[in-house]
Amino acid sequence: MAKTFHMHKARLETLVDGVFAIAMTILVLEIKVPELADGRSSDALLSALGHHASVIGAYFFSFAMLAVFWVWHHRLVEKIRLFDFPLLVCTLTFLALVCFFPFAAALLGRYPLNLAALLVYVPLTGLIILLQTLFFKLAVQRQLLLESVSADEVQATQRRNLRGCAVLFIASIPTALRVHVAWVAVCLALGLLFIWLSRAKAHSGKASA
Amino acid sequence: MAKTFHMHKARLETLVDGVFAIAMTILVLEIKVPELADGRSSDALLSALGHHASVIGAYFFSFAMLAVFWVWHHRLVEKIRLFDFPLLVCTLTFLALVCFFPFAAALLGRYPLNLAALLVYVPLTGLIILLQTLFFKLAVQRQLLLESVSADEVQATQRRNLRGCAVLFIASIPTALRVHVAWVAVCLALGLLFIWLSRAKAHSGKASA
Amino acid sequence: MAKTFHMHKARLETLVDGVFAIAMTILVLEIKVPELADGRSSDALLSALGHHASVIGAYFFSFAMLAVFWVWHHRLVEKIRLFDFPLLVCTLTFLALVCFFPFAAALLGRYPLNLAALLVYVPLTGLIILLQTLFFKLAVQRQLLLESVSADEVQATQRRNLRGCAVLFIASIPTALRVHVAWVAVCLALGLLFIWLSRAKAHSGKASA
Amino acid sequence: MAKTFHMHKARLETLVDGVFAIAMTILVLEIKVPELADGRSSDALLSALGHHASVIGAYFFSFAMLAVFWVWHHRLVEKIRLFDFPLLVCTLTFLALVCFFPFAAALLGRYPLNLAALLVYVPLTGLIILLQTLFFKLAVQRQLLLESVSADEVQATQRRNLRGCAVLFIASIPTALRVHVAWVAVCLALGLLFIWLSRAKAHSGKASA
């Protein structure tokens, strides 16, 4: 049964686009209309909105993150021929984390200086990016790419994925610093590892060419 | 009129995908950002999130259930040629229950140890799975399958549906046990009945081959 | 400019399906998880859910109404070749009312015995059905139907639309009775008018055949 | 990499339609079911709904605005061949503002007489319309239009976009008046500038014909 299992791309893409559209729109639900004692005072409303500035900032930042994930996902999926069972599980897990993202964004918008909020947001972002990289690696290994995709394109995509992971680990360092200096070392080491992997790919790509 | 009634698959699938995308995303709305006395205390936020652990766990569990329903539905519908009126009613009822699912999930996440929450969640899941099985049975009876679907595939799908029902009734036993021992017997009997039906199908499939 | 204005069906249908999917799912947001003093008491939760029975009933009733609107709309649109400006405005107004429907449903679920809730729900349903009938009438007048749709089908569809309006006005009588006896006469008169229009259509259809 | 970057229209359109469908439906979430001391009193409910009249009015107004943006966007995108990176960024920023729109609408519905609410709503609408105009200008400059689109159509579309911007600035004058008389001059000047640009386009169109 598992051998013949496959899923048409079209329906999975509709689900993915739907989930992203809703996750993006749900972000805004966290920005609450402030309650005012005097509803006609524009100063009171402006200052109330000023207090919401971090929530509004978090909205636009998180929207941009979701947009990046969506474009990234799309650029991987357009190279795929079909989804077998492992790729399907990988994509649905990715969607579960994307749906969870508005909660992490709300947490960070509400408590922008709180370390615990970052400890939800940053690892969640990390998991989403690692899942994307894993997704494409699986697709290459299981030979589910479209024939029209050249080996060079596959190499370039994998390099880009690995660079994305590196950027993520480097960007996590300020958060790691607030937890413990040991985590900084871990993040730095992982960041450098992914840079090295990405360069190794680039080299092997040239060697094979 | 009823004779000539039919519905294009494409539009119904868009509605189904839309409903699933939203139901999946709405699950996360139940996880509320905790209110903290001291917004900068990461310990306070972590412990507040710890108290939400059952809600977060219920989110990922319910997301996985919805993902299973979605994949299951997709694999049945891809074998269907068109929807006549009974299949349409069956699918819309299925959607009504899927839309109701986030409420049941919120109930279970909020009161994980409460029997009444299980008495909403488990029968709802059961109804959804039974409706799927009924949907395919109706499609076979009314000869609405695609011609490219072989008799073997139909048999295999029906066996899988019946096995799904069996798994459901077996999995309901712990909940039944908390209500009354008589319900355990009912669940066990129904579970065994569906296993027997699934094996009978398998046998008749081989006999006809 | 207005002469050459047209809108592709595909995009409008995606918007319609999206709006319906969300309106259906948003209905369930009105069913709140009850707050319990003792979270482990299943009796307390069951009795709290019992108090929500009218909300849950209203959910399934309103879901069925939206499903009927959706199927109805789909059966009209599949006969249309393209949307010009008046049809587009008609469809977008229809969508505005469909999006408003969850609020009316929430009002009725919360105050099922309150006349004012019915005075929002019933006229809204009426407007939606009248707009559908107007939509098809406009499409016929402006010759925007697909060529493959026979005159008989057009007649049958219009009869069905007019019968739908008649059913609506007859079904409004109990609500009208609670306002004033004069409104009963209005509803009855309009109901009979639409029945007569529908029969006149049927007759002219046979005469022309 | 940027040179070969492109995005299929189909997926971006699904995301856009999804986001608009949700933004439209989310508008209604701001209209809260009123809490009544006596749930059976229809007078109490009607008067409570009367107090919500501005929220309900804002709902229909904002729905109409979103519908206009959606139709506008669709009419621009149907002339585009594909999305390169700048167009993609432009469209995603547009979506971020569209998703933010329900918050601005809620603010205006809640505090219709408050200047600060207008100072969120009006500039947001302005940004959305300016982004649309910029989007099409970019598409023309980067030669991403479909070949089937004639130079006359491009001219007419650009004139329409510029007229839209002019209407926006003229319509902002009452709001500007409430801030400071200097802003009235700015709005008027920008409105006249866009009218002049639109007429210049019309003239150059005739000259080149």
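So that you can tell them apart, the chains are marked A, B, C and D in the order they are listed, and the count of residues begins at 1 in each.
One rule holds in what follows: a contact is a pair of C-beta atoms (placed from the backbone, for glycine too) under 8 Å apart; a residue touches a chain by one contact, two chains touch by 3 or more.
Since the model is a prediction, treat every value here as computed from it, not as a measurement.
J.: Same or different: do the copies subunit A and subunit B touch each other through matching residue numbers, with over half of them shared?
T.: Different, since most residue numbers here occur in only one copy.
J.: What rotation angle, rounded to the nearest 5 degrees, superposes the C-alpha atoms of subunit B onto those of its identical copy subunit C?
T.: 90
J.: If you average the CA atoms of subunit A and of subunit B, how many Å lie between those two points?
T.: A distance of 28 Å separates the two centres.
J.: What whole-Å value do you get for the distance between subunit A and subunit C if each is reduced to the mean of its CA atoms?
T.: About 40 Å separates the centre of subunit A from that of subunit C.
J.: Tell me, which residues of subunit B touch at least two other chains?
T.: 14, 18, 21-22, 29
J.: Quick check on the complex: what are the subunit D residues that touch subunit A?
T.: Residue positions touching the partner: 1, 7-8, 11, 14-15, 18-19, 21-23, 26, 29-30, 88, 92, 95-96, 99-100, 102-103, 106-107, 110-111, 113-117, 119-120.
J.: Would you tell me which residues of subunit A are touching subunit D in their complex?
T.: It is residues 13-14, 17-18, 20-22, 24-25, 27-29, 31, 33, 36, 39-43, 45-46, 49, 59-60, 63-64, 67, 70-71, 74, 78, 156, 160 of subunit A that touch subunit D.
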